[in-house]
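Below are structures written as structure tokens.
Two complexes come next, and they have one chain in common, subunit A, joined by subunit B in the first and subunit C in the second.
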Partner chain A sequence: MAMDTKNVIETRGLKKTFLDFWRRPTVEAVKSLDLTVRQGEVFGLLGPNGSGKSTTIKMLLGLLHPTGGELRVLGARPDDMRAKARIGYLPEVSHLHPFLTPRETLRYYASLFGMTRVEAAKRTEELLAMVDLAQASDRAVGRFSKGMARRVGLAQALVNAPELLVLDEPTSGLDPIGCREVKDLVRILAKTGVTVLMTSHLLADVEDVCDRVAILDGGVLRAEGKIAELLRQPDAVRFLIEGLDDEAAESLRLELEARAGRRVRQDYPAMSLETFFLQVVAKEGRARDFALAPFLARPAAGQREGGTCAEA
Partner chain B sequence: MCGGVTASLRRTGGVAGLAVRAALRTKTVAALLVLLAVCVAVLPGVVKGDGTPEGELQILLTYTLGFAFGILCLSTLWAACALFAAEIDNARMQLSAVKPVRAAEFWLGKWLALLCLNALVLAAVYAGVYGQMAWRMRRNGWAEADRPVSRHAAHPVLPTPKEEAREAYEVLRRQDALPKGMSKAAVLKTLEAKADEKYDVINPGEEVRWRFRLKRPVGVKKAEPVTVWIRFDTEFSTREHVTGVCSLSVAGQPERAVKVDLDDFTQNEIEFAVDTRAFTEGTTGTGGLRDFEVAFRHTGNAKRVSALMLRFRKDVELLTPGGTFGANLARAACVQWSVLALLAGFGLTLSACFSLPVAAFVATLLLALTLVGNSVVQAVSEDDEKEWGNRVGIWISRGVSAATRPAMRAEPLTALTRGERLEVDVLGRAALWNVVWLPALFAIAGCWVLRRRELADTD
Partner chain C sequence: MVAFMTAQLTKTAGLRRTLRQLAAIAGTTVTESIQQPVAFLILLSAVLMTLLVPVFQFHRFSEDGRLARDSGLSCMLVFGLALAAGTAGRSVAEEIARGTAAAVIGKPVARATFLLAKWLGVLGVVALFWCGVTAATLVSERCSAHFLTRGDFTGYAADPVTLLLAFAGTGIALATAAVRHYMWRRRFGVSAFLGVMASQVLVAAVSGFYNRFGQLYPLVGEAACEGCGGGHAHGAARLVFYHPELNLRVLPVALLVLFALAVFSALATALATRLQTGAALAVCATALLFGLAGDSLWAVAPLLSVRGLAAGLLPDVQHFWLCDAIARGGQVAWRYVAEAGVYALTCCALFLTVGCAVFRERDLG
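After this line comes the complex of A and B, so read on.
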């Protein structure tokens, strides 16, 4: 089958079998995977532990060589230098050089893109401010907390202003504020046309930011599609009414039941713990005034507060 | 962003910068520097010499520099072995490998980092040794004759022992006089050893002549005469009571010979003052070399004095000024630096192929083989090769020795202690082999592996 070069990522029958020292097959990590990620999309790769998500990502980046199948990233093979210059990658574990400071780390990675000193310095300061590490920018990364290191990792993935951003569990190790910020960042980047491929175990995170998802299990693609379409219950409908007391709600439910001739369930949605946490922290005056602040006004998808929900 | 030479240089520079930072911020390197400082500052004071200036020089030039160089060799090799291997093993390579950097840029960047670090450390070690020497010279008031020197050394123009052995072999073969039961190689080896040890016997009243080809002396002013020395390396017992006349002339101009009477042959360097024009006027041979002739006439009393025996390939040298000792020290540092560059390249390529423990083991093993390989090759006899086990060992030693001979040929510390100038061709050869050809080969192999290897965390 011919591959469409307009797709940012395209794989056909992608396979990876790990071999042991004697070249005997040990694990079939990915089995014939067909995947398409389109320009400007936020694509979520989901799956239980060991389902082959990281393996797939490493093959897309040329860190592992496929056992079989074809793949194209930004229309080129993974080892293509021009394609590499347009990709940003945050691995599962940040793997930073512990003796470097965040500033040196970012300048080092900027130099690998062939940036001049001036360009690199400018980009570094922007990114340090963005991930809120300007104060810690002269301390060695090796002594950083998990979340701080993760922020440096994220910053280095953005150093070349990539067209394709590959994030392997970007929110792991981050506090709820950090998670929220990463999700907001992903949304903002997507708006500017950046294509994002991310994996996460936190399904809520994926639900919040991804346009499309694929679910891998045992190296096999089990489901793929738009989140709204995948999650939609075709024969159910839900109303949200704010400001009703219990009595009025009960009478409305009964009326609906009579009208529809079906059972109507009634519940009281709680706000998400994330929203609650963010509110508490904001009250304590600890909300970080992030470089992303101008964009934070827009509520993240799926975040509803208060009110009564009725589902039929 | 990824094309262009300047961008490529920036990437290479970035890789080099990281390696230098890594080195400067690790405790191992700090420990190494302390060890080297101790070696330069303390060792010469602790090792007891014979008290003579010569002995002190020997300690500084051979022990101190030799020991420091040994430490640097091992540390360079191991550091190079770690540079790729550790980064791949601890998965840090992943982040760099997904950036648009070519394998060659990674290799070159890391190699250049090691070269720079080695240059700095070697410069410090040599400066330390030079300082120690200057301090000792002042403190102990060394005489002019005891001070270290740098001179061109020329041996008589003769066929090499190898050529002579081959000729002698042909003669024996034609006469059907080859020894039975010996291989050709063994016969040639014996003949070569004999040619190397050949000597002239100079009976009282007799004269010998040797021809030399000399370079133009370095740092000599036109108006001043050039000092030329003849060095005779004779057995002490044969030196006694020998008297003679030594004369030095431009070949073909015996009438303008400079003559020196010798009544004390215990001094094994005989000094001549030669008109500078002898080196500059008239036609010069290829490469600006000039032919000179040295004649030695034994004037001793035949009844009382025995003959003088000189192995002309080894014992007779003509020395001309070869610049300052400091400059020669710097040249020796360059030769050692070139060897370190080679080791760095070798270690890096091993590092690209194997994990750190494997790379370090292989590197150390091969280094040890190189050190013993040459002596094994010298020492083996025909009988040693009869047994299978021995034969394998000898073959490996021969292979390693043949592969490393060009790299190891220059012996900078021997030259320094003998006061002989490290000539430009020696430096050039060291640079070409150790800094260009062999590293280029290693780089090609290393990059080939890096491009093919999976750089994700391998366990």
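After this line comes the complex of A and C, so read on.
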């Protein structure tokens, strides 16, 4: 079957069956998966444990060999070195050399892309500043907290300025500020044309950043599409009005009910816990001075403050 | 023409990138491996066991030097084998299990490049170990009692000064590593490993500034080195400024042991793509035993037989174990060393090719 070369990731009937020592099939992890990820989009791969998300990602990276079907990444086979040089990968657990410092780790990964010492050093310092680890850059990674190790992992995924960024549980182990920062980073990268494929158990994170999602279960694709389309309730409309007192809101609700001839529900939307937490930390002056701070001013998707919401 | 030049430039850039990858992965493997406490303990054990031989020699029969030399070379082979297998297991099998290998292979790194770089890294660690134990062996042989006949002395003379320096050097290396770790947070394992290795090389070099009676040079040649066992001609009276009373005929023999360790490093690296450290070590130890006994086990076996096949596949360690050749003033020819090097390289290439083929099919992650 011909594949569209404009798609960054394209699979057709992709299968993966794990075999035992005697090469007998044990687990059918992915069953005939058809998936397309287009350039510049943020694509979320969701599913419960054992649904085949990580297996799919590892096949995309050439770490696992597919049992059947077709697979193209950046228009090439997954083991093509030129294609791999354009991919950044953050594994589910940050598998780093425990005795190396973040600086040594990033220089190491930079050299794997063929960078010279000077280039690697320059890129390393940029990334250390970006993930806010410049102060801890001479401590062994093995002594880092999970969140700090995750930051090093994220930096190594960006060391080659990738066209395709594959993030396996990117916010795992991060505090709310770190999560927010990663999500903002993903959106910024997407705006610059980077395609992002991410998996996460935290559905709110996926909802915040992804353009499209696919839901896997038992190795089978159960649903795929734009988040707005998948989550839309076609028979309901919501209005958001700011600065309305209770009395005016109640009279408006009654008016709407009379006009529509249906029941109108009124509520007061709350900000997300994440937004509240970030506000508290900012008031206490304990917010970190991130390299990404200029980008954090942009309100997160779905953020609603100080308004009355009516749903019909 | 343009297409040809583009192709050549691409090839050159690809080669340069592969070389950088090899250097980076091998270098990281060396740093990570010598940081491990077990690597340092293996080096320390081998050095101390070699240096302790002259201390516990009771039966002389003029064989003290040989005993020290053989013990040092044996320690080099046995401890070196454990170090090679352990390092390969940690840097390949454990990295595959932990996912570190997947993180590297996820980059534009070919699996064959990864495996070759890992072998080079293991070889680097083994080479550092070899430097330290070779120096300790030379020192140990010098410190053993030698029968001397000089104008003012006839009898057995040991060299307690150099022995004391060798032990003190080891202690200073450990103390320095501890201070560096405490004061500047430098890696203790790396400092201690390199320090112990360097201390032995330094002591071997410094011992050339005095004779075995502790007399500093310059001395007249006759007094300086009579009966030193260095395998050189003692001419008429002359002024000696620097005379290392080291048996340098040990060097080609030690180099052959390094070749054997390179072969076992390749075997262990290839095995580690499928087996855990303990299993790889067990297979290497078995290969060593059969390799040492190869002459008697299948020397006369026909080529097309099980024994003949075993003889062809297993490395013949006897080619690399020539301690007896220098027992009575003999010398190992450098031509033989070169030929043994080619044989070792062939064995390494064979094991690594099989390892690459196995690793290529392996699922990672």
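The working rule: the second predicted complex is superposed on the first by the 312 of 312 C-alpha atoms of A that agree within 3 Å, B and C clash if a C-alpha of one lies under 4 Å from a C-alpha of the other, contacts with A are read in each partner's own complex, and residues count from 1 in each chain.
Just so it is clear, a residue touches a chain if its C-beta (ideal position, glycine included) is under 8 Å from a C-beta of that chain, and two chains touch if they have at least 3 such contacts.
None of the values given here were measured: they were computed from a predicted structure.
A.B. asks: Have a look at subunit B and subunit C on subunit A after the superposition and call it: clash or fit.
C.D. replies: clash
A.B. asks: With the two structures laid over each other on chain A, which partner does A:Leu96 touch: subunit B (first), subunit C (second), both, or neither?
C.D. replies: Touch partners of A:Leu96: subunit B and subunit C.
A.B. asks: Classify the contacts of A:Lys84 with the two partner chains as first (subunit B alone), second (subunit C alone), both, or neither.
C.D. replies: both
A.B. asks: Counting only touches as set out at the top, which of subunit B and subunit C does A:Leu64 meet: first, second, both, neither?
C.D. replies: It touches subunit B and subunit C both.
A.B. asks: Contact-wise, after the overlay, does A:Ala129 reach subunit B, subunit C, both or neither (first, second, both, neither)?
C.D. replies: Once the two structures are laid over each other on A, A:Ala129 reaches no partner at all.
A.B. asks: Can A:Leu202 be said to touch subunit B (first), subunit C (second), both, or neither?
C.D. replies: Neither partner.
A.B. asks: Which of these subunit B stretches, 1-9, 199-207, 217-225 or 253-261, gets into subunit C when the structures are overlaid?
C.D. replies: For subunit B, the listed stretch overlapping subunit C after superposition is 1-9.
A.B. asks: Please report the subunit A residues shared by its interface with subunit B and its interface with subunit C.
C.D. replies: Dual-contact residues (subunit A): 58, 61-65, 81-82, 84-85, 87, 89, 91, 93, 95-97, 99-100, 104, 108-109, 111-115, 156, 160.
A.B. asks: Write out the stretch or stretches of subunit B touching subunit A in their complex.
C.D. replies: Residues 1-2, 4, 6-8, 10-11, 13-15, 17-18, 21-22, 25-26, 90-92, 94-102, 451, 454-456 of subunit B touch subunit A in their complex.
A.B. asks: Okay, in this complex, where on subunit A does subunit B touch?
C.D. replies: 58, 61-65, 79, 81-82, 84-85, 87, 89, 91, 93, 95-97, 99-100, 104, 108-116, 156, 160
A.B. asks: How about subunit C: which of its residues touch subunit A in the complex?
C.D. replies: 13-14, 16-17, 20-21, 23-25, 28, 31-32, 35, 98-100, 102-110, 185, 187, 189, 361, 363-365
A.B. asks: Note which residues of subunit A are touching subunit C in the complex, please.
C.D. replies: Of all residues in subunit A, those touching subunit C are 18, 54, 58, 61-65, 81-82, 84-85, 87, 89, 91, 93, 95-97, 99-100, 104, 108-109, 111-115, 138-140, 156, 160.
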